[in-house]
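The same chain A turns up in both complexes below, where it pairs with chain B and then with chain C.
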Partner chain A sequence: MAARGIAPTAVLLLGAAYTLFPVSWLVVAATKSPGELFSTATFAVGTGLLDNLSELSAYRGGVFWLWTVNTVVYAGGGALLSTIVSAVSGFALAKYRFRGRSLIFNVLIGGILVPAVVLAVPQYLLFAKIGLADTYWSVLLPQILHPYSIYLARVYAQAAIPDSLLEAGRLDGASEWRLLTGIALPMMAPGLVTVFLFQFVAIWNNFLLPFIMLGDDARFPLTVGLYTLLAAGANQPSLFNLIITGALVALIPLVALFLTMQRYWRTDLAGGAVKS
Partner chain B sequence: MRSGERSSQTRAAASRHDTGRRGKAAPRGTVAPYLFLTPAVALFALFLALPIGYTVYLSLRRTKVSGLGLGRGARKEVFVGLDNYAAAVSDGELWAGWLRGLAYGAVVLSVMLGLALLFALLLDSARVRLARFSRIAIFLPYAVPGVVASLMWGFLYLPSTSPLPGVDFLAASTVLYSMANIAVWGGTGFNMLVLYTTLRAIPQSLYEAARIDGASELQIAVRVKIPILAPAIVLTTVFSIIATIQVFSEPTTLKPLTATISSTWSPLMKIYRDAFVTGDLYSAAATSIVVAGISLVLSFGFLRVVRNRAFGEA
Partner chain C sequence: MRTTRLAVAAALAAAVAAGCGSPEPAARQSGSPSAASTPVKLTYWTWAPNMDKIVAVWNQAHPDIQVTVNKQASGDEAAAKFLTAARAGNPPDLMQAEYQHLPSFVAADAVADLKAETEPIRGEFSEGLWGLVTLGTDSVYAVPQDSGPMMLFYRKDLFDKYGIAVPKTWQEYAEAARRVREADPKAYLGTFSSKDPGSFAGLAQQAGAQWWSISGEAWKVSIDDAATTKVADYWGDLVKEGVIDDMPYFTPEWNKALNDGRLLTWPSAVWAPGVLETNAPKAKGKWAVAPLPQWSAGENVTGFWGGSSTAVAAGSKHKEAAAKFAAWLNTDPQAVDLLVKEAAVYPAATKGAAALTGAPGYFSNQPGFWRQASAIAQTARGFTFGPNVSTAYSVFKDAFDKAVQAKAPFSTALRTVQDAVVADMRKAGFTLAQ
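Moving on, here comes the complex of A and B:
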């Protein structure tokens, strides 16, 4: 029996090697000084990591760390607001019967199919009209509504909140608002962590929207900042180590979140993905 | 959903099932659900419906310049009907972008979803060692921004930093596969996870029954697991089609590294260039609508074909 498991194990490990290969290259390359990057063997560890980091910190007065803070603001604030809106909407759609329920649900969910590009350019133009283009709001606000999260929240609400509990609350004279904050949201909490995480990663990784909305690099998130760094440094190999180190630093928070929150990535995704 | 059991007469009653049909679930006529849905509906109106409407409006207009185009009133925005669409559809650059997109999409979809299915089935086959490590490692690229993934692979492709300097990954004939590799690398893990979690939700007793009947692991995978996975495969395919049509950050990030990627390599890059580099908002709007339309047609077309084939009884 053990012998028959060798081929599947090997195939999966090959897959793992494929996904880990560029990341491990990035880790090693970030330790190399500019000279070592072009001269030493691909996976030979270099001596320049600390120099690279201090050079990155010094780049244009520390703008890289500003990009990091901006990214945390966009992803953290956006995902939090998005989770709240999705949770409240999902609860209403799952636990109330009212006129227009399926219409509202279908219209909101239809948003999943709208390609981001149809939205990003006109969103920019509309923000520009009211003078909000190139502000934090222009990146934050369009990313709050996330149809798939509403769908997931509805599934969680259906599965996690027994009707009898809501009825008991009503008999005790609790307001609908109190039922939402006192019963529904706490019971949906584990599922909402998953919704938050997915939205956090989606905003952290988003490039198109901030790329279109922002002109001032003091408001850039890491993705747009790294892109401008690459666009400026592609023809100057002396800047390569800066770009590589920046890419590595940009990865660390997400990978840390990813590895520590394994439980939520897995089990609760099942809850949403299966019950379609 | 046990939709097979339903007749049309009981459908209305059955649809009430999930909120409890005792009628006490919530007082009818309460405004609470409307209040709870107000933020989502307001955001939908402001950031989805309004921009779409504005795009449609712009796509039907164009600036007319009279005289030398100087002074007030010399430049006027006028309705031009479907002219912008006619121009967008007959634009050679856009078609070249679509053909590239089609080839790129075919490679990405088949390799990515094929690998995702293979990995999910192997993870579920229970005889695998180090399954947890492999699963986490293969899912890891999900946490990597497309820009960073493109940067990493870009440097691995670049002759001066590549471990295989003899291979030109960024030549006109290879760049499409190099780009597809980035998408496959980034997307396989997520799709694998969706399929794997679907498999995990299936009761083990189903496989036991097949095993008692003498089915091999391979037969169980092909005859039992893949049919059960069909809806999840359809879902991941539709999402992948939408994502593939919108490819933007990967080619945009690779572009500074090579001359083989033009500023109109993908349809989205062309829209961006039209809107912000050449300043032709009207063409960009028309092209956006065309791109959205094609992605909707492809997604729904795919859903229809698959529904008719696989879920004919549903």
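Moving on, here comes the complex of A and C:
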């Protein structure tokens, strides 16, 4: 037992080190003042964390916090709407027989293969045509329909909800709506948490779609906003310390979300492994 | 198909101007009081710092034309984003356009011809800068905002220590490079960056290169002309000899080398103090500035690296108002003064030199910094960028990167760039003169 446990643990430790290394660099670098950033040793802790934070808060009248709120709206709202859409469509695809079901499902599978990046420009052209470009909706709407989430929801619904349960419900006179909200959704909850987390992280980190869609910097999410600090032109000193500190602050909500939802996440990973 | 893209663009802009021009003045005459009650709203994409503060001054004085700044990220992505927005019919009214991207905007019919509106301010700019916004045609596609005349930044303290005189010619620069290697085996006089085609373009301009030109209705591409080949081989030989380093600019290792005094010069542009201040804070007060070394003794010329202009989108509904703002922003004494103080740009307008007082903090030991900079700026040679600079620059990076790794002749890499640019323009349907 002990011998068998060593190799996987070692691999996991290696993986953890691999992923945590850049993050730890970020944490250390965020503590450095602009003068220390390129002159002190890479992992020497600096003295500028508080200055960086207050400078970041003050930058252009606190626009960083506006970007943070925007990101929460995009990621939270988008992930929630996307989860609802995925749950309903996944349930329908798994539990109802109707004409064109497999066609729809195959199209969705095909959709998984198309990277969202490829769609950003055509989506922008469409949104510009209907006058929705450069609005909150232009970032929210394209991320609501997410083929992979629907696929996950379908797989989960198929495995987690026994047909007999739905039949029993029908015999007792429950409406289809009642079956969905009363039986299906609660049973799918762990899977839906996965879908929500996936989408939340994806939207939180999304760069290209908001970059193309939005012109007004008051609607930018953090990714695009921080990028304006990075590519600030040659005329002013680059604001590396603010970018690094901003990136660190932008990570905190994600870490918090994972820590609080880890429980569901874990259940689901195990569940999915067996049932799909 | 797109045989005379540029000519068509010009004709189209003229037609649009003529088409909208006739009803507009009439409407304006009868409705000028009402224009004040419903102000024209303009959006302006820019990345210059504090531009909103400068625009606030304009908005205060012009209640009938209200400009909103949308701060953007700079660089090639900004240009791509503007082109996409223009294609979707949804562009901002005004756009900060780097000189090297302007021709691609023109080829895509994305910017308006401002010839009539800019006639009164034409004299505010030097011939070389004006050529960057006319592309050598009769049209005017933008108003110059800032410029990046190139000069030589060098470590005065280390030059003194090693007894090296400031090189007046590139020949002397090469000799100085060898001296530095002897004096301190860990240090280099400079580095050749294969990742910064803009810098190389500036050095080629100094040598008299003319990569793109328009003759009649056809483009001529001569990136591998004699002047550029001379510049390429000069640097290629120094890199091969090992007396010039080959690390790219703007990397952490480059920052460190600057900080530690292991790089003694940087042939860069007037905006370099801002970069040095961030990336090499330890060396503050140790740098000095001189004109670029020359190709023949007694000459006094330089090139441009960077700089941008204010363009008006062809899709703007208020071109006239936008042109008025663009002209004010870049030539009005108060605006130019603000550009210098708030946006930290090196103004394109010739009279902007008056607004440059004191010296950049990093060069506080050189009170004459700006006087010297503006004297150097007057010696910049003209240049015309082509419609596919981004292709040229990305091929440059690949080809020169490989040449640096393999210590291969740079002139071969240069020919690769020339061939790729010609092929790309052919594919896009441009007519090429041979």
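Note that in this section the second predicted complex is superposed on the first by the 235 of 276 C-alpha atoms of A that agree within 3 Å, B and C clash if a C-alpha of one lies under 4 Å from a C-alpha of the other, contacts with A are read in each partner's own complex, and residues count from 1 in each chain.
As a convention for this text, a contact is a pair of C-beta atoms (placed from the backbone, for glycine too) under 8 Å apart; a residue touches a chain by one contact, two chains touch by 3 or more.
What you see is a predicted model, and the numbers here were worked out from it, not measured in a lab.
**Student:** Using the superposition on chain A described above, determine whether A:D217 touches chain B (first), chain C (second), both, or neither.
**Tutor:** second
**Student:** What's your read, chain B or chain C touching more residues of chain A?
**Tutor:** With both complexes superposed on chain A, more residues of chain A are touched by B.
**Student:** Considering only the touch criterion stated at the top, classify A:S39 as touching first (chain B), second (chain C), both, or neither.
**Tutor:** Touch partner of A:S39: chain C, not chain B.
**Student:** Mind working out whether A:A92 is in touch with chain B, chain C, both or neither, as first, second, both or neither?
**Tutor:** First partner only, chain B.
**Student:** Between chain B (first) and chain C (second), which, if any, makes contact with A:A231: first, second, both or neither?
**Tutor:** The answer is both, since A:A231 touches chain B and chain C.
**Student:** In the overlaid three-chain picture, which partner chain does A:A133 touch, first (chain B) or second (chain C), both, or neither?
**Tutor:** In the superposition, A:A133 touches chain C alone.
**Student:** Give one of first, second, both or neither to describe whether A:L125 is in contact with chain B, with chain C, with both, or with none.
**Tutor:** In the superposition, A:L125 contacts both chain B and chain C.
**Student:** For A:F200, select first, second, both or neither according to whether it touches chain B, chain C, the two together, or no partner.
**Tutor:** neither
**Student:** Go through chain A and flag every residue that touches chain B in one model and chain C in the other.
**Tutor:** On chain A, the residues that contact chain B in one structure and chain C in the other are 38, 121, 125, 211-212, 224, 227, 230-231, 234-235, 237, 240.
**Student:** Of all residues in chain A, which touch chain C in the complex?
**Tutor:** 34-35, 38-39, 60, 121, 124-125, 128-129, 133-134, 211-212, 215-217, 224, 227-228, 230-238, 240
**Student:** Which residues, counting only chain C, touch chain A once they are in their complex?
**Tutor:** These residues of chain C touch chain A: 43, 45, 47-49, 68, 70-75, 77-78, 81, 84-85, 87-90, 92, 146, 148, 252, 255-256, 259, 269, 271, 274-275, 277-282, 306, 308, 343-346.
**Student:** Under the touch definition given earlier, write down the residues of chain B that touch chain A in their complex.
**Tutor:** Within the complex, chain B touches chain A at residues 16, 18-20, 22, 24-28, 30, 32-34, 36-37, 39-41, 43-44, 46-48, 50-52, 54-55, 58, 115, 118-119, 122-123, 125, 127-131, 133-134, 136-149, 151-156, 160-161, 163, 185, 188-189, 193-194, 197-198, 200-201, 231-232, 235, 242, 245-246, 248-249, 252-253, 256-257, 268, 271-272, 275-276, 281, 284-285, 288-289, 291-292, 295-296, 299.
**Student:** Looking at the complex, which residues from chain A come into contact with chain B?
**Tutor:** My answer: residues 1-2, 4-5, 8-9, 11-13, 15-16, 18-20, 22-23, 25-26, 29, 37-38, 42-43, 85-86, 88-89, 91-98, 101, 104, 107-108, 111, 113-119, 121-123, 125-126, 141-142, 144-145, 150, 158, 163, 166-167, 170, 176-177, 180, 201, 204-205, 207-208, 211-212, 222-224, 226-227, 230-231, 234-235, 237, 240, 243-244, 247, 250-251, 254-255, 257-259, 262, 265-266, 269-270, 273-274, 276.
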